[in-house]
């Protein structure tokens, strides 16, 4: 089964190959690109037979086994359905693009993105490892970022791309969190094995979080309310992209995920309630919005959102019927929506506009395309004998046989009315009616540009007429797989039932709206008046405010004033020592012994103290340096009193050198500036004093500890015999801890080099 | 002269080794002993300079200490008594000393004695400016130094 | 600074201080002192000389750029640190000692070479820093 | 005998140092302070060190004591001279009761030259010649 | 022989640096020597890593004094791996410096100090002595300080003042901590400390000292609210230096935190909570800071902070798997950040500045380079399967393991904001058309470079991108290393045994 | 005396901190010098105070016995002093260069690096 | 009274008080030169203190500190003088 791995990875390899070919060569052989999806389609067709009879194929390669991540692919009926949709629609899109973007400067780049995207989608729908599923999921987000961003020099494209990426990216992270949590709960990342642990998944304290994460992932990807708005924005992409992304693939990833996990969570109350609710809101919301768009793509986008809502809603209902309905509807939607998108592309390509108010009478110039449009509209409206009719039937079937059937059915009917409208307004409206300015003269498109939509549209009708194909190949086996029993039997004619009535009402109402309601830019503007309350607006505003807040907060901290930065550090330290002093009464308790004080010591301390004070208070820099000198010398004496002659010497020498250094540098500077005001001085004084006090207490406390100094004793005993020296400090410096000294002289050397460079190196302009 | 001195030192070391005692006194004793020996054995006029100067050097040192203590006491009296009796000022001291060594030695000796401080030498090296605590009589002050330190220093160094 | 007095004395002090610094270096293993202190004393000797006679003369006296002492000193210190590794397969910094004592200095060992390296580096560093600052003043 | 000398030397030395300390505090101007202190202290330290050398009575200590005294004798006057000179030139005032200031107007702030009376005379002469 | 191997990474760098000092005024020789030396260092570091991997923790007692009397060098897997990464980054930057570092800077000791800095980093990773660690830190500070100011432009000086002050303070805090630790335990050897600390009766003082260390290292690691020096200075030096800083410097702070808070003060209770909250804030402030920056290099600087939060978050969760994630993330971040700052240098040569609004058009003008640059950018985001993704698995897993929704949210926030920021950078630098700005007269632009100069800029990036790809595709290797490290860190007995047992084995 | 010195250490730290919080670069560096001294004193105290007994093995002896000052902190301080000397001298020189290129020693005027432009 | 007690209880306090007096001069200045002179004298007193201390503790090795003091102390004075001169020149 390694061919499976190869098939999935081939898209990526193909992308690399394309990159290697280069733009110039590729422009001449752009047909070459279509080989990939077509052959993949053929390959995945071969799974159709076995999987429809319930067989599954697995292929596992260890990748990062210690993290539980494997390239674990599994072909079952659900996967087969999606792979065929991806590669099937993919093939047509690849072919279509060849002409649609003919002569485009970055055609090659487009095909590379498409290939990667296709590969990612294939990986996503075939992964049996949750992590590798996530990996492909993210790759679809990224490659769609590039696809939406294809017209990268246009500001709107970039904005849409970043919006889409942000939202799907967020969903992706939710998916990752979901994956890790689910993996943790189930003890495996294998989706099929996880089925055995659905108990653990459903009854853990993590379950709500787990579901929320899953929802975030699915809803963002599948453009559910309130995350839907990235999808209309993504219409900035060239038409084939929209087709591919929206009709067949990426948005269906969320659906796929939910379908995949419906066996795991199918019985969960939260799962179904949330899906039904969100699906309903999305359906209604999106359906309603199709009325207020004039851009064909905009209408299609909202109708797509609505359709996705329907599918989610169906999954939420979770009955055998509804699952069947969902699967059928996925197919239905893929077929007609792809047709309509491609059609829109062709219309746009030939007339230069997609504005529905400026289009009309195109059937004269584009008769075959009109046929395709009509068929798609029929399917979208659910008029028999299209496959759409089957889908709509099943939807009502699902809503009627369950809880709250009236409410759900009403919602379904209303939504479907809008679907009817949307299908006709895009598929039919441009071709009928009066010829407009834009449609007086229209060139014939390349045959591929009408053939591909037509092919899809016809397929829709064929499936409608022979529902057994869908049933036999997909719904039965998928139902079996997801809900454990065979799906509904599909047929066009059920007799005169309530469902037929509902269908009739739906179609009539839809057509009524189509004939009565004329989309216009005025209406669009009217609707835009409500944008303030739209999730998009709210979220973008939120992003804007968040950025402003970020700016503000960043500036508050990063304000450029070094003193503040230092103060933060100091306050933290003061708190640490302060808390210690107040919590540990030990500090005040024991003082083992108070040794006799000698006058000389007291005076050294007094001198030290006063010289610090003097250094602090003096206004002249030089006096401060002199004060530091005195301070240094008094420390010298402390070192001497307590048996550290080496230290005293070094301290003295260094002190003298430092004074010299300061003096050499300072005589160039103005004498003294008093920069801070008194308030600051007092505040800083308080901080400094507080810190000093707490520190002193802590030090006294530590001085009461009596550690065992193994090392010191060793040195005292062995310095002469083992290291041949009597001045133990020096022996430590050159032997016991000589390594420190070696590094220390390196530090000195670096400092000297630095001083040298700092003062001598003046770069010329071009060297900066 | 230098050779004589080195010889003196060498002999001292030999003496110390011979006696085997590293005590300071022994060094001193060895030095004086070898000095005397050298003085006796020297017949050459040029080399005898060493023996002429050496006592002067000692004399100078003694004089210096005498001055040092005297001046210190004088200053001490002024410091500890409540009223100041001093009459300070900066005096221009015409130099007879010419070489760097001469001037430096003179200036340092003057600085080291209390109450006087060599401030600077003029660029033409003709004058040493001295800050002094007691200059009631400028001429006398100058003469004192000329007769005291400067003469002695020059007699040793020339 | 233009002072005959300082100039003259500095000429005496320079050799005196240098001698003293070597003394402090050699006895460091037994009594207070050692390479670092010695190096500081030596560099102070030159600094004093430069104060009195001007940087030019001190540079002339030194002949080499003091910065050159840094790599030399480092090489000496690092060399004596890794000598045990190279020659005797002992860890770096292991003390190697020559058996017989030498008068004045005492026992000769890698520690002494190490300390001498420190000495040279400290001279090089202090002088480089001070000279650079004075030059650009 | 030795012991008594040690006591005397050290006590005297300490007294001289105390004297210097009182002096530096009491004297009315900088130059007088320098005048008083540098030497008193040097003398004091010298005495204490001699006393110490006698106390230990060891070669190594004696040599060190001598070295310290020599170092002090070499360096102390230099410091005094340098700071006194620099202070005069930056305009540290003399005590108001000072009798004379022969150094006045002989220091050229621009070229750092210090004239003697003679050379100044010469300069003035040449100026006169030039003007006449 | 194998015991000497631990010190060779240090010694080799020292020897290179000193040798370079002898070729003071010969920039060309220095450049060649530096590259050759760095290559040798990579070989040695690989050997060290191999030895540690095969034979376990290596210990060298300097001066042949048995622990704790001398200074011990301890090469456990973490240290060895970091030394290896450091040497790789050093080699790459050494090549990169060929074009990036003008000869004037080279003549003033750039390469020597560069190698001293690398030595300092290696030393800090390898030492087993807390005071010695301080000394290494000082090497790092002073050499980075010199590298930061070399050239002495106004902005460099301003940045250096902040860099210097905070880092100097952190050293003082660190040293204060060491002093107090010595006052309580009488020891400096980290292995010995880890044994003495539990026996100290006065738990309060131990707690306080540990917080002092946390603050001291927190500055170096760039933790909230102590990171402020970092964005103020990292953008000021030439790109090669920024790359070195961005890739390695803050990681030493992280390393120190990891080492100290696994070995000496194993995280628990209050410290753990504090660190967790700090990690959260670090991520947040780094993220929002990066979001609002208008200069690519500053964006990267802030992202350093944001991602430090990742590692510290991992540490604060303090389980084996969390440490695995933290360590893997650190390995990833070292390489990626270094690459990004080098790319920043290329940007500068292409546009004459690195302001987001002045750049653009890279994707259309340099498609191949864009692809090359995209890899580290997206690796940074953690787009799977690129390197940044793998540690997240462990970190997410650890949050689950510790029931820490807080950390989970933090990690998600960090990832998301990074994603948005990088997408923004992509749009501004790569996607949009370049704004026409006046060309700087004196600057030599990328297009004016000859092939050699161009390759000196691009090949290093390519090399690191290969490393990133290696991390991504062969994540299993890194994961195994990280797991071994996680295990070693959580069971510090191994470390202690290695330090004290060496002598016995020899006998 | 221990208490007195502990307090002195506190005072040194406090003085250093006060200086670091000033606006002048020179004062900042004085502050760091003071803090350096404070740390050294702290390390010294942490070794325990022993009066007048330097850790030098007497001439005739081969070991150090009885009470003696702890040599380890002394060695640490020596290293620390030297290191801070290196850093401080570089910092002092930085004042000079800063004054030359930024034309002031007011740190508040050095905040261009943090601007978001 | 042994010499040690004499030194400890009589000499050392006097020296300390002297140091204190000098320090007062250091504080009140008024000019930088006054402070420098005071600093110089402080070190000189330090040298004697060390000598006395060496006698008290019987640790002649302390004398080495004195030696360095004696040699180096005036360098500070030299530096300050240098400063005063140069500074005047620059203004």
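Order as written gives the chain letters A, B, C, D, E, F and G; numbering starts at 1 within each chain.
Just so it is clear, a contact is a pair of C-beta atoms (placed from the backbone, for glycine too) under 8 Å apart; a residue touches a chain by one contact, two chains touch by 3 or more.
Being a predicted model, the structure only gives us computed values, none of them experimental.
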Checklist outcome for this item: Greatest centre-to-centre gap (Cα means) from chain E is with chain B
Next on the checklist: Between D-G and E-F, which chain pair shares more contacting C-beta pairs?
Outcome noted: D-G
Item to check | Inter-chain centre distance, chain D versus chain F - centres from mean C-alpha coordinates, in Å | outcome: 33
Checklist entry - If you average the Cα atoms of chain A and of chain G to get two centres, how far apart are those centres in Å? => result 70
Item to check | Computed distance of Cα centres, chain C from chain A, in Å | outcome: 62
Item to check | chain C-chain F separation of Cα centroids, rounded to whole Å | outcome: 24
Item to check | chain D: positions in contact with at least two other chains | outcome: 22, 34, 38, 42, 71, 75-78, 80-82, 85, 112
Checklist outcome for this item: Residues in chain F with touches to at least two other chains are numbered 20, 28, 42, 45-46, 51-54, 56, 72, 78-79, 82-83, 86-87, 89-90, 93-94, 96-97, 107, 110-114, 116
Checklist entry - Can you list the residues of chain B that touch 2 or more other chains? => result 107-108, 118, 120-121
Next on the checklist: How do the chains pair up in terms of touching? List each pair.
Outcome noted: A-C, A-E, A-F, A-G, B-C, B-D, C-D, C-E, C-F, C-G, D-G, E-F, F-G
Checklist entry - Inside the complex, what are the residues of chain G that reach chain F? => result 53, 56-57, 59, 61-62
Checklist entry - Along chain G, where are the residues that touch chain A in the complex? => result 8, 12-13, 15-17, 19-20, 23, 26-27, 29, 32, 35-36, 39, 42-43, 46, 49-50, 53, 59, 61-62, 64-65, 68-69, 72-73, 75-76, 79-80, 82-83, 86-87, 90
Checklist entry - What does chain C use to touch chain D in their complex? => result 1-3, 5-6, 9, 12-13, 16
Checklist outcome for this item: Listed in rising order, chain B residues that touch chain D in their complex are 22-24, 27, 68-69, 71-72, 75-76, 79-80, 84, 86-92, 107-109, 111-124, 126-127, 129, 131-133, 135-136, 138
Item to check | Residue numbers on chain F that touch chain A, as the complex places them | outcome: 1-15, 17-24, 26-28, 30, 33-34, 37, 40-42, 44-46, 48-59, 62-65, 68-72, 74-75, 77-79, 81-83, 85-90, 92-97, 99, 105-108, 110-116
